[in-house]
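Listed next: structures, encoded as structure tokens.
Both complexes below contain subunit A, partnered by subunit B and then by subunit C.
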Partner chain A sequence: MTVITDALCPFCGCLCDDITVVVEDNKIRDVKHACKLGASKIMGHHRIKAPMMRKDKNSTFTEVSYEEAINEAAWILLNSKRPLMYGWASTVCEAHKKGIFLAEELGAIIDNTATVCHGPSTLAVHEKGLPTSTLGQIKNRADVIVFWGSNPVHAHPRHMGRYSVFAKGLFSEKGRKGRKIVVVDVRKTDTANMADEFVPIEQGTDYLVVSAMRAILSGHADVVPDTVGGVPKEQLVKIVELLKTAKFVSIFFGMGLTQSKSRYKNIDNAISLTFELNSFTKCVITPMRGHYNVTGFGQVCSWETGFATAVDFARGVPYYNPGETAANDVLIRKETDAAMIIAGDAGAHFPADSVRHLARIPVIQIDPYWNPTTEVANVVIPAAICGVEAEGTAYRMDGVSLRMRKMIEPLYPTDTEILDRITERVKELKGE
Partner chain B sequence: MELIIKNGSVFDPYNGIKGDKTDISIKDGKIVNKVSSKATVIDAGGRLVMPGGVDAHSHIAGAKVNVGRIMRPEDTRSGLKPRTKITRPYTGYTVPNVYAMGYRYAQMGYTTVFEAAQAIMKARHTHEELEEIPIIDKGALTLFGSNWPTMDFVREKNMDKLAAYVAWGLLASRGFGVKCVNPGGGEMWGFGKNVTSLDDVVPNFDVTPKEIIVSLMKANEMLGLPHSVHLHCNNLGKPGNYKTTLASMELANQVKASRDRQVLHVTHLTFNSWGGTNWGDFESKADEVANYLNNNENLTGDMGQLVFGSATTMTADGPVQYANAKLLHAKWGNGDVELEDASGVVPIYYARTISIHAIMWAIGLELALLTKDPYKMLLTTDHPNGGPFVNYPEVIALLMSNKKRQEEIKTLNEAVHKRTKIPGIERELDFNDIAIMTRAGTAKVLGLLDTKGHLGVGADADISIFDIKPGQIDPSVEHAKIKSAFSSAAYTIKDGEIVVKDGQITATPMGRTYWVNASVPEQHHREMMKDIVNKFKNYYSIQLSNYMVQDEYVTHPEVIKAGAIPVEVS
Partner chain C sequence: MILNAILITGRTINQGATIENKTSSDYQEATACCELNQKDICTLGISPGSRISVKTDHGDVVVKLKENKGNPDGIAFIPMGPWANAVVDPDTKGCGMPGFKGIPARIEPTDDKVLSMKELMARYK
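Right after this comes the complex of A and B.
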């Protein structure tokens, strides 16, 4: 029996690094310190047993060798005029590097799950920048914390204990008692239930509410109507006063802000509010990133291509124009004629029109698990689970990179190995 | 493999060679006395031969560089070049991708570059990028100036623990030297504030910037690190800051160097030699700073030259970046690192018509031209703060030609006449001066003269050849040719391998990463670690066991050993 301590959890963007696992006979027997979501992933559940292929989407899968599956994947990608390589959130940075190299080799489009998550946040960063900090800065200093359109109680269960609501630090020794928590949401979530100040807003009015707060902050409360987005003006004035007079404000935002009406403009506005608050106090803003390494893909893709996501290599140079080059753009336009989906589940999370197109074109799936993407796949290549069966780098939601441990020996090849083999085969077939 | 460069007009200042026709023999990546007759011959044909360029201060890798890329897709779109059989795509101008970083430096004849700032907690990210920068050797300086352990040990006046912390911090970050940015200010920015003088007391830590600087210099010399403390002064970006700069430079007198180099390197002085009291009476005080350097032997500086056009400012000086973003109404990246430091990223466009920018342009040149000894003033643009490093050839041409400077001055805001001395400075630097400011001097300041910055036997075979014949060109008149030749090396040789020929990349080997492993007495280390364990238990948001950069992130290490020796304090 082996006990591994300080392991990283390969589930959400919190990237908790204090996990203890008990390993016996190359099986994980126990997980400590992780939340339910993380523990469930680490303990493991139904896996794809072996590589599979099928001739058309209506027939059933036949198990094949890795060699056959990889050969077929290479052929599909090579025969494609407009290949899409999508996913990348639940794998390590080492795989991202291999993926970007393969995308260059193929002239493919490479995009990650941010496209249906925090992609709009990236667009806002292009407009306004990103005043943020590491999570430990917030833990040690923040006396006012705002959750806007995010529900950590369910989506990031240990966030509040480790980094925000309850966390104690040098200047926050009282933890929860020394903090005010503000939750802005369209419904009274379990996070909202814990708030000192809950701001129930009407759906799609985030932009208006942020604008009203900015007006109040800049001394123009007089122009703000009696209610904004269903929120009484008095409450907004009270909250702005709370933010202004705080020592350190931290705003966390989730998909309630990025994927609702006005999308990236909401974040743009929220960053402006953050900017302006810094004339009165210290204020930082941080996206609540979902998958444990969705942040890492943006980092790797930025230093390798200069762009964070949705990069099109068709011209030989990286080209980036979300709205034109993001995964759903090329799927809905029926432009892409083959797709590789890795470490992300387009089948479950993409709009119906995109999934319909995926059902029409050859699809390669690389993933440890059977999921809705499998239902539209032609070639399925099972992979090891990063952070459990494979080492590698991941970036926490605040951009801190950490090295994921290997807890047990993999029974499947890793994402990097699979991508290496596909690249090698592609080069062979191209005669390189 | 053997190689011999014949008929070069060699400038190798460290070995006293000024344009002599000397053969350079290379074997197994090193410069040797002679090679066999089988050696490949490069006929330089009278062209300029210098050691490979060494850059001691450039922001090439890590968290803030990547924030710059993410914030600025408009920048990535400039400088695009498709992949070839041997090169990956190039992107960007002020914030290039990792590949363009390596290729462009090599194409200018540079072979060694140091990233100027990394927080320990984000060092893994720095190394992930360094690992992908092709060709050049590299390293990174580690931030210590606002770290809680630094300030605790300074307050306790416990130099043993401070030295042990510096040694451990360099190991944890695989860092090369001690960077100190707006000391104390990084901590104060944690609550949106800043220090304003060397004697301000940092709240909750009860130390002053002055104490931090002096203590870090002492620790640096106790450890005998190859490089000295590398200081970004307090009050950067504020008119009148030259006084703080001079006061900081005076602190160097309190510490004696443990090696043959400065005890304090004061960086990007273009941003720290400002007179006046506001933007209206803003003026150059470069002469005062240069004068101080001329009269003191324990200090060096670098220019941080401004280049007109687009730039991206990025620094661990968080408060100055918020001030910049407000002043410029620009987008603003901020990146505080818990217990360690701050940082900020703000794009800027330097315009000839803006008085402040014209004066800043003059300040950098004044610093280089008024500092008598080129070993004391390195050529940098503080890439990409003053401008991208690809503009070094422009800076070289300006330093070598008064004619070019006068032509430029005609295009600038008239403030350059009234509030700088540049129009009246006639000095023109020669090839030897340039070789010092970009090669021998930088290597000396970094403490790497054993193997870098010169062409003596035993040095790394890092060499650049430029398409200029020194005896047959008048740089003062033919400055355009100078700029063009330094932009595109005829040859760049890295560890004896030809990596650039006629300005084109011909090979892309991976360079080494320099870091310093400094030993301290075991007891000091143990005492220091008690505090560190406590910091992780109570304040950091990650575990100590996950903090240090692992071997996987430094696959081509060049480890320089150093260690604690008694320090003499005058």
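Right after this comes the complex of A and C.
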């Protein structure tokens, strides 16, 4: 029996690095320190046993060899005029690099799961930049924490203990007792139940509420109506005063901002509020990233192509224009004619119209598990689980890169190996 | 018997804990549901655990009704996943992001069954 300590959790953007795993006979027997989300992923369950293929999506799959599946995947991609390569959040940066290389080789569109989570945040960062910090800075210094449209009790269960609400640090030795917590949300979530100040806003009014706070901050409370987005002006004045007089404010935001009306403009406005608060105190803002390495794809794609996501190689050079080149844009327009889904589940997490189009075109899936994308796939290639069976680099939600360790030996090829083999076969078929 | 609501979708702890096991009944239990507050449930005239039909301009889906005391009046919450995505707004509004929150929905009791993940996906083929 082997006990691995200080392993990284491959679930959410917290990338908790204090996990203990007990391994026996190349099987994980126990996981300690992980939350419910991380433990369920690390413990694992029934896998797709072997590569599978089918021509007709209503027929059953036939098990095939890796060589056959990779050959078919290469043919599908090569015969496509407008291939989409989507996913990438639950794999390591080394696989991202291989995927971007293959996308360039094919003239494909490559997009990651940020397209349905923090893609709009990227657009806002283009507009305004991002006054942010590491989670370590926040742990050690922040005395006011704001969660806006974000519910870490459910989505990032150890965030509050390790980095924000309860964490004790160099200048925050009192932990929770030394901090004020503000939660802005449409619902009174379990995170809101822990707040000192809960600001319940009407759905879709985030932009208005941020604008009102900026007006109050700049000394123009007189122009703010009695209620904004359902929030009494008095409460907004109180919150702004709390932020202004704090020593270090940390704003964390989630899908409540990115997916609501106004999309990226909500984040653009929240970043402006953050900048303006820095005239009074120290204030930083951080997106609560979902999958453990969705941040990593943005990093790798940026240094390889100049753009963080939704990159179209059809012109032979990287072209980027979310709204035109993001995964759901090309699926809803029925523009793409083949898709490779890797380390993400478009079948489960895209709107019906997008999934309907996936069901009409050839789909290659690279994933450890059977999921809704499998239901609309033609070629399924099972892969090792990164961070459990394969090592590699991942980026925490604050942009800190960490090395994922291998806990057990893989019984399946890694994403990197599969991408290498598909690329090699594509080049062979092209006669290169 | 009919409730007009604004639908939002999002993560829950049980949705996340079963996200790598989407063929399981646990995943269906965690995601094929719609949370309303008690007042809105009373409007529908049924009890938590009953089946409801959620219809929007973009589709319809049958899910199980759950109570959430934190929801304001007229806000319906379905955990992210294939059941929620059967009814969300596909319009990316020029920035790549579909409308996963803020969708007008019409909710009413139904005797129809909650489709399994495989049955739901079969509707798209």
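In this text, the second predicted complex is superposed on the first by the 432 of 432 C-alpha atoms of A that agree within 3 Å, B and C clash if a C-alpha of one lies under 4 Å from a C-alpha of the other, contacts with A are read in each partner's own complex, and residues count from 1 in each chain.
One rule holds for everything that comes next: contacts are C-beta pairs under 8 Å (C-beta built on N, C-alpha and C of every residue); 3 or more make two chains touch, one makes a residue touch a chain.
Everything numeric in this text was worked out from a predicted model, so none of it was measured.
Between subunit B and subunit C, whom does A:R425 touch in the aligned arrangement: first, second, both, or neither?
Once the two structures are laid over each other on A, A:R425 reaches no partner at all.
Once chain A of both complexes is superposed, is A:H45 in touch with subunit B (first), subunit C (second), both, or neither?
A:H45 sits against subunit C, while subunit B stays out of touch.
For A:T132, decide between first (touching subunit B), second (touching subunit C), both and neither.
First partner only, subunit B.
Answer with first, second, both or neither: which of subunit B and subunit C does A:R179 touch in the superposed model?
After superposing on A, A:R179 lies clear of both subunit B and subunit C.
Just checking: does A:P351 make contact with subunit B only, subunit C only, both, or neither of them? Give me first, second, both or neither.
second
Scan A:H96 for contacts with subunit B and subunit C and give back first, second, both or neither.
After superposing on A, A:H96 lies clear of both subunit B and subunit C.
Going by the contact rule set out at the top, does A:G290 touch subunit B (first), subunit C (second), both, or neither?
Second partner only, subunit C.
Report the residues of subunit A in contact with subunit B in the complex, numbered from low to high.
5-6, 8, 17-18, 93, 97, 104, 122, 125-137, 139-141, 162-163, 167-171, 247-248, 275, 278-279, 281-284, 298-300, 302-308, 315-318, 320, 391, 393, 395, 399-403
In the complex of these two chains, what residues of subunit C are touching subunit A?
It comes out as residues 6, 8-13, 16-23, 58-59, 68-72, 75, 77, 80-82, 85-90, 92-102, 117-118, 120-122, 124-125.
With touch defined as at the start, can you tell me which subunit A residues reach subunit C in the complex?
11-12, 36-37, 40-41, 44-45, 57-58, 111, 115-116, 119-120, 123, 151, 153-155, 157, 186-190, 192-193, 200, 203-204, 255-256, 258-261, 263-264, 290, 310, 322-323, 325-329, 332, 345, 347-356, 358-359, 368-372, 375-376
State the interface residues of subunit B toward subunit A in the complex, per the touch definition above.
61, 63, 65-67, 69-76, 80-83, 88-92, 95-99, 121-122, 124-125, 128-129, 132, 148, 189-192, 204, 322, 325-326, 330-339, 345-346, 538-543, 545-546, 550, 552
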